[in-house]
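Here come two complexes built around subunit A, the first alongside subunit B, the second alongside subunit C.
Up next is the complex of A and B:
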């Protein structure tokens, strides 16, 4: 009996020392991510929150605990309406990008057989990202402007005598420019999803007697939904927060929320208000991401 | 006019890395209606390409495919009344089991053939056939490999095709499941009486299930015949060594006596074969000796002598590796496990079953 008791005691001891070791090992793995998260996420957000609760007097920041700025985001014009307009521009960009990206991704995934050609086209989609964003936005000025390529073409074709001015400096030109710039993200995400569809699936459907439209609507389209959603989230987010396109190709009424934040920071020197808008947008963004994450999960196809 | 499928000089060129190669190189075959035919061979022998050409998923470079005497070489895949069961199952991942099986009944060609109520009834009838009616609402990713393959089979059969094509359908299943599925397939073939054309590299599968086997190699059919024909009377050395565990010993035809053909081995010993009449006296031949057709016996005339080089305990039997005297060759002999074990190096005499040994032309 005594030997059993002894071994039980020893056993408890080894368990204790193993636990100590485990705890030390755990610290080794836990500390770096926690530190990273604290330095790069927690502290900046805390500073943002701290700033947003204060106010500015005579160009000086005065700390406080007031929700006034947050109330103003929703009550004082034009904050809320500009947020809504930015969301509208983001949504239009996301939809247009998907419309442009889908056929290209489809072509790339199902009609390009040679892997070399596939890579080449893929590269052509990415290459514009080697050029500066500003250059690309400017390029649209030369296309859409009154002395631009589009107007020159229209005049040559005899469709109009005067240069048409409705192409540039409005929401339309902002959406077109943003669509052009962010479509590659939609292509990558839709293509990645389409590429997962095995050839045998298409062959099986044809073997069962299904025509092209039936294969597309019953098989390819449902499977590609998560890719379209993921691409939509990326293009929406990027377009929503954009501030360059409104400045370069937008009109007086196409100011977006990021432009307002920049003005509050730089011109008006109202950092607390800017911080409050930032936090509202971040919160909306988190809501959007969880909603779309849920949607993506719902529509995701497991092979 | 022949009913069934006829392949005439079927060839398929594959272009790759600048040089073409014949994936299928002149296949001639007649597949009778209602038969279970297997295309058997190692990977790259052209069996899958042949099957895909029959299905219409590949276009032949030359040659013809006839269906009940009609040329269907250029008929689009969607119009061929043949269904394929794929190696990777190819189930539609976005649909339930029921929707997968229903798919083929909703294509344009099938429209009007069955009413909605009939479709539902038919789908469940075939899900029952493969024992999956309880899983109708599940998505493919919730099924095991064997269940997926059965859905794939139900989806193929539900449209009532006259021909069902199988592309290594059991390749990704484990050994036990494969055996169960083999029996299922034989049962379904018997119940429905459709033509089954089956591709596999597994000779046991081919032997167990088929009415006839086409052994393929390098895009050509090496032999097309019943499993018994192919096993007992292989047409050439390749078929002999691909099917079963045959050992081929070099020999010469010594002549003929009242009971059959007499061949002499390299060491001068003579073996009599009773079912052979194809070889001429003096001809060099390969003597095919399968382990199960050999037995140990008392030394004497008509026996082949040698020494045991190795023995392998196989559970069901002991397999002895016997080196024949005078370097005439090596054969394997199966012996019952309850007989006394024979030591390595011991001199033995081997009796050859005169009905089963077979000569192969050089």
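Up next is the complex of A and C:
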């Protein structure tokens, strides 16, 4: 009896030590991501929260537990209105990017047969990213300006005598620039989704007598929704938080929320207020991502 | 070089310049100067001759804003011997007791200074002078004479409805100050809420005439050169640039006055006994050093004799800007600390966010 008990105990011990070994190995894999997450995510967010609850007095940070800054984000002009304006610019950018990206992705996924050509087009979409964002935003100045390429063409074509000044330094030029810059993200995400559609599905539809439009509306479009949503989230977020385009090509009323945050950090030295705006935006972002996650889940079609 | 002027000068410039620390890391304690300065204020073109001459090693840390200087000096710990804050910050440091008065008898070169910089209000407290002025400039009001009458003597033209979309002004609270000056407020730097509301309304009224709020002086130069705008406010460098490019531009002298900035070398409390401090202060007050500094950044300098050390176009430009002429300095509304800067900025952001 005692020997049995002993062997059972020994057995348990080996299992336990095996588990411990397993756990140790797991630790090896788990620690780096957890450490990364802690150092680069949790601690910064905690610091942001800590800063947002304090205030600045005579250039010195006074810790506190006040919600005053958060109340100000919603009550003091112009913070909320600028957040809404940034969201509007982000939304326009997301929609325009999707409109530009969809036909291209569609063409790439279904009409380009040669894989070499496919690769070439794919490369052409990505290549602009090898150039700095700043250079590309600057390029739009030379395209849209009074003495720019667009105006030169219009005048040459005899459509106008005077340079058209409404192309640059307004919300239009900001949205155009942002759309140009962020469209590759929409292309990649929509294309990835369209690529997943098995050709057998389309062939089956065709065998059953469906026409081109019907195949598109009944099969391709519904399946591509998650790609459009994912691309939209990326382009929206990037455009929403942008601060370079409004400075370079924006007009007198194109200030966006990131510009305000930078101003608060640099000129006003009001870090708590800047942190509060940051947290409000992060919260809105989380809500948006949750909503889109839910939407993606709802619209995802599994085969 | 393109300057993003003012308080955000090179926001990322936290570069530590171990000035010519050849080999010897163990530095003689008596021959070391640590400074928190703007980029260019410890350029090797004039630091190296000083080091050779005096045996003092210069260790300069570049700062991106006045706030950075204040927070570093206030937190104490002997972070620096010398600092070079602007006139909207100097009095804050003096009042806080963070800096020591300058014994001007040990800075004989200061006697050559323009009278306005001998004992300026922003450095003076109880008959003591707390700094040695260095780079300075006036926020110019400029215009294309083909569009705006060159004899204009008031800021009012900026609001004239016939100039829709024709101007660009600095994206900075200096533009708030400018509107306050136009409204005739004498307390530009301590406006009341009611005055700020009036300033805001005035700036929103100007918006139809604004094509762009510029961010760097180079940008303003491009806007003017390309004919995108016909006027606004800017720094001297824009005038120099435009004239060099052969563009027509006038430097208007509005009767309401113009904003002026001026940086000063100040001694951090406790550093006055450092034997290298006064040799440096007298060195940077000399005409020759200031000419070298002008070559680095094109700023104005308080020693008028520095013009003799300038050459060719630099000399001509400096004269054309009237920077060595005391009369240029007569109607200048020198920057001062703004206690409610956050409020000013809020007003400015509201103006920018307002729809046209």
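We adopt the following convention: the second predicted complex is superposed on the first by the 269 of 303 C-alpha atoms of A that agree within 3 Å, B and C clash if a C-alpha of one lies under 4 Å from a C-alpha of the other, contacts with A are read in each partner's own complex, and residues count from 1 in each chain.
Note that in this section contacts are C-beta pairs under 8 Å (C-beta built on N, C-alpha and C of every residue); 3 or more make two chains touch, one makes a residue touch a chain.
Since the model is a prediction, treat every value here as computed from it, not as a measurement.
Undergrad: Going by the contact rule set out at the top, does A:219 touch subunit B (first), subunit C (second), both, or neither?
TA: It touches subunit B, and subunit C stays clear.
Undergrad: Between subunit B and subunit C, whom does A:209 touch in the aligned arrangement: first, second, both, or neither?
TA: Only subunit B is touched by A:209; subunit C is not.
Undergrad: In the superposed arrangement, does A:279 touch subunit B (first), subunit C (second), both or neither?
TA: neither
Undergrad: Just subunit B (first), just subunit C (second), both, or neither: which does A:251 touch?
TA: Only subunit C; A:251 stays clear of subunit B.
Undergrad: Could you tell me if A:263 is touching subunit B, subunit C, both of them or neither one (first, second, both, neither)?
TA: Second partner only, subunit C.
Undergrad: Which partner, once the models are overlaid, touches more of subunit A's residues, subunit C or subunit B?
TA: With both complexes superposed on chain A, more residues of subunit A are touched by C.
Undergrad: Taking the superposition as given, does A:81 touch the first partner, subunit B, the second, subunit C, both, or neither?
TA: It touches subunit C, and subunit B stays clear.
Undergrad: Is A:200 touching the first partner subunit B, the second partner subunit C, both, or neither of them?
TA: first
Undergrad: Give every residue of subunit C touching subunit A within the complex, in rising order.
TA: Its residues touching subunit A are 7-8, 11, 65, 67, 70-71, 74, 92, 165, 171-173, 207, 210-213, 215, 226-228, 341-342, 345-346, 348-350, 352-356.
Undergrad: Give the list of subunit A residues in touch with subunit C in this complex.
TA: Within the complex, subunit A touches subunit C at residues 56, 59-60, 76-78, 81-82, 85, 145-147, 165, 168-169, 247, 250-253, 255, 260, 263-264, 266-270, 273.
Undergrad: List the residues on subunit B that touch subunit A in their complex, please.
TA: 55-57, 77-79, 82-84, 86-88, 90-95, 103-104, 106-110, 139-141, 155, 159
Undergrad: Okay, in this complex, where on subunit A does subunit B touch?
TA: Touching subunit B from subunit A are residues 198, 200-201, 203-211, 214, 218-219, 222-223, 301-303.
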